[in-house]
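Dropping the structures in below, format is structure tokens.
Heads up, the next two complexes both have subunit A, just with different partners, subunit B and then subunit C.
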Partner chain A sequence: MISFFRRHFPPRPRFLNPIVFLLILAAPVLRADTDQPDVAALLGQLDTLTNFQGDFTAEYTEVTQHPGQQPSVYRHDVYRRDRIGAMTIVMRYPDSQKGQGYLEVDNNFWFYDQNSRLFSHASLKENWQNTDAMNSDFFRTNWARDYGAVSWSEGTLGVYPVLILDLKGTNDQVTFPFKKVWIRKDIGILLKAEDYSFSKLLMRTVYYPQYVKIEDHYVADRMLIIDNLNVGAKTEMTLANISLATLPDYTFTKAFLQQVNR
Partner chain B sequence: MRFMILAIRNLGRQKRRSFLLGGAIAFGILIVTFVNGFAGGVAGNLEQNFSQLLGGEIFIQGVEKKPSGQRVQVITDEAALSAAIADSRIPVKSVTRSSAFLGTFFFHNNSTVQEVVGVDFDVAAPLRDRLTLVEGSFDGMRNPEGIIIGQQTAQRLKARPGDLVLVQLRTITGQMNVAEFLVAGVSHDPGLSVSFAAYANRAYVNALENLPPEAYQQLGILLSNPETTNAAAAELSRALSRRVVLLPALPKAAGENPIGSMLRQHSENPMGAMVADLMRLASEGSYTGTRYRLSTIDDILGRLQLPQIIAAINGVAFVVLLILFLIIVVGVINTFRIVLNERTREIGTMRALGMQRGRVRSLFLLEALFLFVGGAVVGLIGATLVMALASLASFAPTTPAFLMLRNGHASFMVSPGQIALPIVAVGLLTMLGAWLPARRAARLKPVEALTAVH
Partner chain C sequence: MKAFLFLASAALMLISVAAGAQSAGNPDDMFGGPMVEGSSQAAQTAQGASTSPESFLQSKRVDIGGFLFSDYTTFAYWGNTYPSLLDPGSSVSYSFAPNLEADVYLDARPYPYFRVFGKLKAIYPFGGPAQGVYQAQTAPFTSIYVPPSGQSVAIPNISIFELFADVNWNEKLFLRVGQQVIHWGVGYFFSPADILSLTPINPLQPTLERQGPLALNLNVPFAHVDNAYLYVVANQSFTQNVAFDPSELAVAPKVEFLLGDYEIGVGGYYQKDRRPKAMMTATGSLFGTLGIFGEGVLSYGSDRTFVEPTPGVPGALQAYADTTTAYFSGTVGISYGESSQHISVIVQYYYNGQGYPNLLEERGAVGLFTSQQTALAAGTQPTGPILSTTDLLLPGQHYLAGSVSWTDIRASNFDLGIFYEGNLSDGSGVVSPYVADTPIQYCTITIAPFVGYGDIGSEFVTKFGYFALSLKVTVGEGAF
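Here is the complex of A and B:
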């Protein structure tokens, strides 16, 4: 009976149902449409979480290790007023640099030399002292303004589910034209960032293993910066005495730097 | 005539004494002429060597201010500059278009900071001429990523031709960039504490700096007649002013101890300071478009405070001259006082025989004059011989003072004024030193002189 049917009614080639086929083809797109993270919102949230409406003060310590060199330690105070883009840095250690300072105000970054008592132009894009940190690492962030996502994926970093974003600078002013960031899905804080050069070569990796929550903000109070070019070079940055107390306007003036260590 | 023979004979009576005093005068003239010649030679050689190193005696740099207010160092309007050079009719030997950045070199676990200058190796013949390779060859520069590094840089990195080095730099807008360079050759460092610059292909440097392929940051003009640099620069400046907006000339560096400045700045490429100054200047005023600045090798040497260093060398020569003057004056006074004592009775005899006071004084002064003339002639001949001998010595390009030499040899340049001034001064002082004993000799009374006992 079966052989009769096979002989007279050979089975039709097995094609997928066209609707099912199209659905399968469109699955990634549909998934993207439904799960696509709002990158601009994510980056905006990152800015909101780490920048402050009021003032911010913290004592930073960097311990830098470079191959073949003794570890070097730097300590300084950072004062920020993010709403006007102002920042003052006062060196505390080493003693040879005590009294030096930096002032970011009106989009100008000044360096103050205690010995010559002169101000000179500096750049936020420069390395901080002889460390792997950049001057801009102490300043307010502008993730939403400066970067847009090229691609994204999901993953885990340690025990945390994360969104992994490949970012590209939206202007030619950003220090690193390309970045890859790992953002915790649940609270939207940055756990890891890779900084890439104009030629898309990995230059440094920054880990943010520890945060402290202050009011509605998160402050990474420990960071580890790995120099991917100078193999073996790394800088650990820690924050202490974090405060959101209102600072006098005077703090963000040249006069403050001139008098703070007299 | 007999009077002159008498003066010469008198000098010959105490050969050793005359030889020593004349020798002191000769030595003084020799030292001062030598030091002046050395300082002049150093100044000339520094100017020439820096011109060779930097690729010109006249430089044009441009800064473009974008509508955003951002300033970038770039020249894209080749036509305007070429037309201005043609209009000015200055004697151009060669023109070098270059782009440059300050990079951090990495090789294994070693790193160093070095300026990288991008040039067109196929047309930059003067650069090939002045770079002496100790390893590798210029053939390696056919590779777009080829680079010629200095000896010091190679030693710090422990890199050799064929090695791939990693270089961290910034684009013209300050963005981080990293690139690989293939070491094509290692060049001699011309007597600097660090390598002066590394040289790469301009197209590759432009790509890394995010500059248009045909753009450049500096135009260097090497003149066929370097002595006319200032006049040529003035001509070119006038021609440029008709076509582009020129920024004010490079300001002179603030007063500073020249030796300290030399030690501090010797390791720096002066172009870096020039660019920083240019960017600061270009930030003033509200405008868009490109502004240019013309500078000369003198401006750069002034920036390095080399004229002050030359002045310091001349100052040392002047102090030496003063000390020698003192020695000569004291020596002449003492010698002629001794002569006076020795010849008191002889003077008495001459006076008794009818010689006038003035003739006695003249005899002493004539002796001093012959002493001085002999010393000066011997001193000048000695200086010429010493300078000729010194210029025969050959120094390796690694010699710390190589930039002060001409092709590895010391050279001396002394103006007629620099020769005449010390000679006239020594002559006057010799005569002054002899004047007092001569006057005393002339005032001797014949009777007292004849009866004097020594």
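Here is the complex of A and C:
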């Protein structure tokens, strides 16, 4: 029995192999010599900058303008617990939708319908309400897992030097299979993203012109989403009342959505 | 004050979005200056009262709101014939169906752990005469007004649709007690596993809310999104039998859990004098875009009354109950949505294990039901079990339903769609394409033909005929 465990679960080495250790130390330098950006590290950094170990709360407001229609306004709270991949959204405005809730846990997204009192599995790929935002826009990011770079270039966006990456989705769970992103070179935050369909059709363009820095993290507190399919359609999204206070566990349960619903 | 600030900020955003829409400026110009602000430590860690989860659970005021359904439909009905191209006006009849209904709810949340919710329904006509019918009442129900024989009394068409209280213990155990909507199934057009609802889904209006029973629902969440439920249900027999025996309460436990990206539900149902049932549901997605759902229910015996040929009497039928055979019913479906284009597709197949395999047996059940009702009206008690209308609901064994809808087509006011439902066992069905236009907000005009097929007497020809045309005007409908 002991030999079985030793064979399958060998003791962890106390020290790293010195050669491996030196290679790890030298890795960033080697990368620098080639002038190739370490895209995986960049995407990982994007995740690190925008996701939180603790809980996250913010009040979102979306103003959507579609041609020929009155502008519509939505306001809702977003509760996130990124370390377990959980998110809850509860509507505050319009009043007729107040209390309507959504729950996301590890790619499972439920919408609680106040008429049928039924949870329905929804998709992160769906639009949020009648806006140009997607359900996935509120969730924690997973750039490093979900995308790999096809090509890259350097440029400027406004006054900021940026890296421009053409990305391809690595799994079928991503909202858009292809993306083009503009990442600020100095601090590694996302400034702009173009979202493409399977057929490489430009679906929408998202601008992130304003961030708030909280501890070592950045939160885009203003976003402008242009619908490239419907000319003139756009949604502006702003965040307020950002908080990192610990949330009650039940916030991320179906029971909570049933309680707040009307 | 908060509402004012929100509306003011929303108005400012509206102005900025509108200004942005009018200007031909390049959005890239937004990156011309500083774009990162710091946030104070206090703001980061203090949970603002206005955004805390508790703020949804407690309120100093009672919220009142609802929904007004307001549509008016004219039908042209050709019955069991298709309209003639040369003379479409022959054999047509017309009818007008107003649908004016208000749902009004009250939502009171005095404490985070206590809430009372009620919903009333008022349906046009809002009151109507009812003949006085004497019914013996047992104590203590002796104060019910019974109008004199032959006279009528106005009965308001207002009902309490839901009335329940939510209580939670330490945010671990959640109780809901009262008359409440309960849906167990995951099916869209058909839901055999939805064994607690009092009314089945109407496939033409699958999202319509359906009344639930008086019940106590205990819910314990575990492992974040998994849930254990226990329902104790006093179903509709409670309202019929004044002297209610507690042993008639139904008990229905259920567990929901995630298995990978699939959510599985497993439950059971037991009630004295009804057949025990076990159910299972599953929902998930394929390729990240295709939603799939399925459910099944296994019943030991059936609550239905069936019809079979009478042994030894050619051509005669008799009703019988079956309390020992295991019956399985199940359904599977797929859904696809392209929300950016407002396109949705849903298709569902249903195997009804308690249905009849062909039109001949369906007709037999309808025929026996009719003859039993005739006998009862004449004061004669038929032999054997009595068939009810619920025994004739979904009489076939195999069903298929689907719908495709494309709304706000290319940012226009037009919607297109098509609905299909068919009984594959008796070979009947109905197809209904529709086109809708919303020329002004809160006013929609919908034109929908209904084309039926199948033999005379089959399920969908009986329901829809061979051809009907509807013109519906929906005006002033919406939430308030």
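Note that the second predicted complex is superposed on the first by the 223 of 262 C-alpha atoms of A that agree within 3 Å, B and C clash if a C-alpha of one lies under 4 Å from a C-alpha of the other, contacts with A are read in each partner's own complex, and residues count from 1 in each chain.
Following the convention adopted for this analysis, a residue touches a chain if its C-beta (ideal position, glycine included) is under 8 Å from a C-beta of that chain, and two chains touch if they have at least 3 such contacts.
Just so it is clear, the structure is predicted and the values come from calculations on it, not from any experiment.
Peer 1: Following superposition onto subunit A, is the placement of subunit B relative to subunit C best described as a clash or a fit?
Peer 2: Once both complexes are aligned on subunit A, subunit B and subunit C clash.
Peer 1: According to the stated criteria, A:G232 is in contact with first (subunit B), second (subunit C), both, or neither; which is it?
Peer 2: Touch status of A:G232: both partners.
Peer 1: In the superposed model, which partner reaches more residues of subunit A, subunit B or subunit C?
Peer 2: C
Peer 1: Just to be sure I read the superposition right, which of the two partners does A:H121 touch: subunit B = first, subunit C = second, or both, or neither?
Peer 2: Both partners.
Peer 1: Check the residue A:V174 against both partner chains and state whether it touches subunit B (first), subunit C (second), both, or neither.
Peer 2: In the superposed model, A:V174 contacts both subunit B and subunit C.
Peer 1: Is A:S153 contacted by the first partner subunit B, the second partner subunit C, both or neither?
Peer 2: Once the two structures are laid over each other on A, A:S153 reaches no partner at all.
Peer 1: After the superposition on A, what does A:P67 contact: first (subunit B), second (subunit C), both or neither?
Peer 2: both
Peer 1: Taking the superposition as given, does A:L224 touch the first partner, subunit B, the second, subunit C, both, or neither?
Peer 2: The second partner, subunit C, only.
Peer 1: Just to be sure I read the superposition right, which of the two partners does A:S199 touch: subunit B = first, subunit C = second, or both, or neither?
Peer 2: In the superposed model, A:S199 contacts subunit B only, not subunit C.
Peer 1: Give the one stretch of subunit C, out of 81-89, 135-143, 297-305 or 369-377, that collides with subunit B after superposing.
Peer 2: The segment of subunit C occupying space taken by subunit B is 81-89.
Peer 1: Overlap the subunit B and subunit C contact sets on subunit A and report the shared residues.
Peer 2: In the superposed arrangement, which is not itself an observed complex, subunit A uses residues 67-68, 121, 123, 125, 172-174, 203, 229-230, 232 for both subunit B and subunit C.
Peer 1: What part of subunit C is in contact with subunit A in the complex they form?
Peer 2: Subunit C residues touching subunit A: 6, 9-10, 13-14, 16-18, 20-21, 27-33, 35-39, 43-48, 50-54, 56-57, 63, 65, 67, 105, 107, 115, 117, 166, 168, 171-172, 174, 176, 180-183, 186, 207-210, 212, 219, 221, 224-225, 227, 258, 261, 263, 283-285, 287-289, 291, 293, 337, 339-341, 410-411, 413, 441, 478-480.
Peer 1: Where on subunit A does subunit C make contact in their complex?
Peer 2: It is residues 57-59, 61, 63, 65-68, 70-71, 73, 75, 77, 79, 84, 86, 88, 90, 93-99, 103, 105-108, 110, 113, 115-118, 120-121, 123, 125-127, 157-160, 171-174, 187, 189, 191-192, 203-205, 207, 209-215, 218, 221, 224, 226-227, 229-230, 232-234, 236, 238, 241-245, 247-256, 258-260, 262 of subunit A that touch subunit C.
Peer 1: In the complex of these two chains, what residues of subunit B are touching subunit A?
Peer 2: Those in contact with subunit A are residues 70, 106, 109, 111, 166, 168, 170-171, 173-179, 208, 210, 280.
Peer 1: Provide the residue numbers of subunit A that touch subunit B in the complex, in ascending order.
Peer 2: Listed in rising order, the residues of subunit A that touch subunit B are 67-68, 121, 123, 125, 169, 172-177, 195, 197-199, 201, 203, 229-232.
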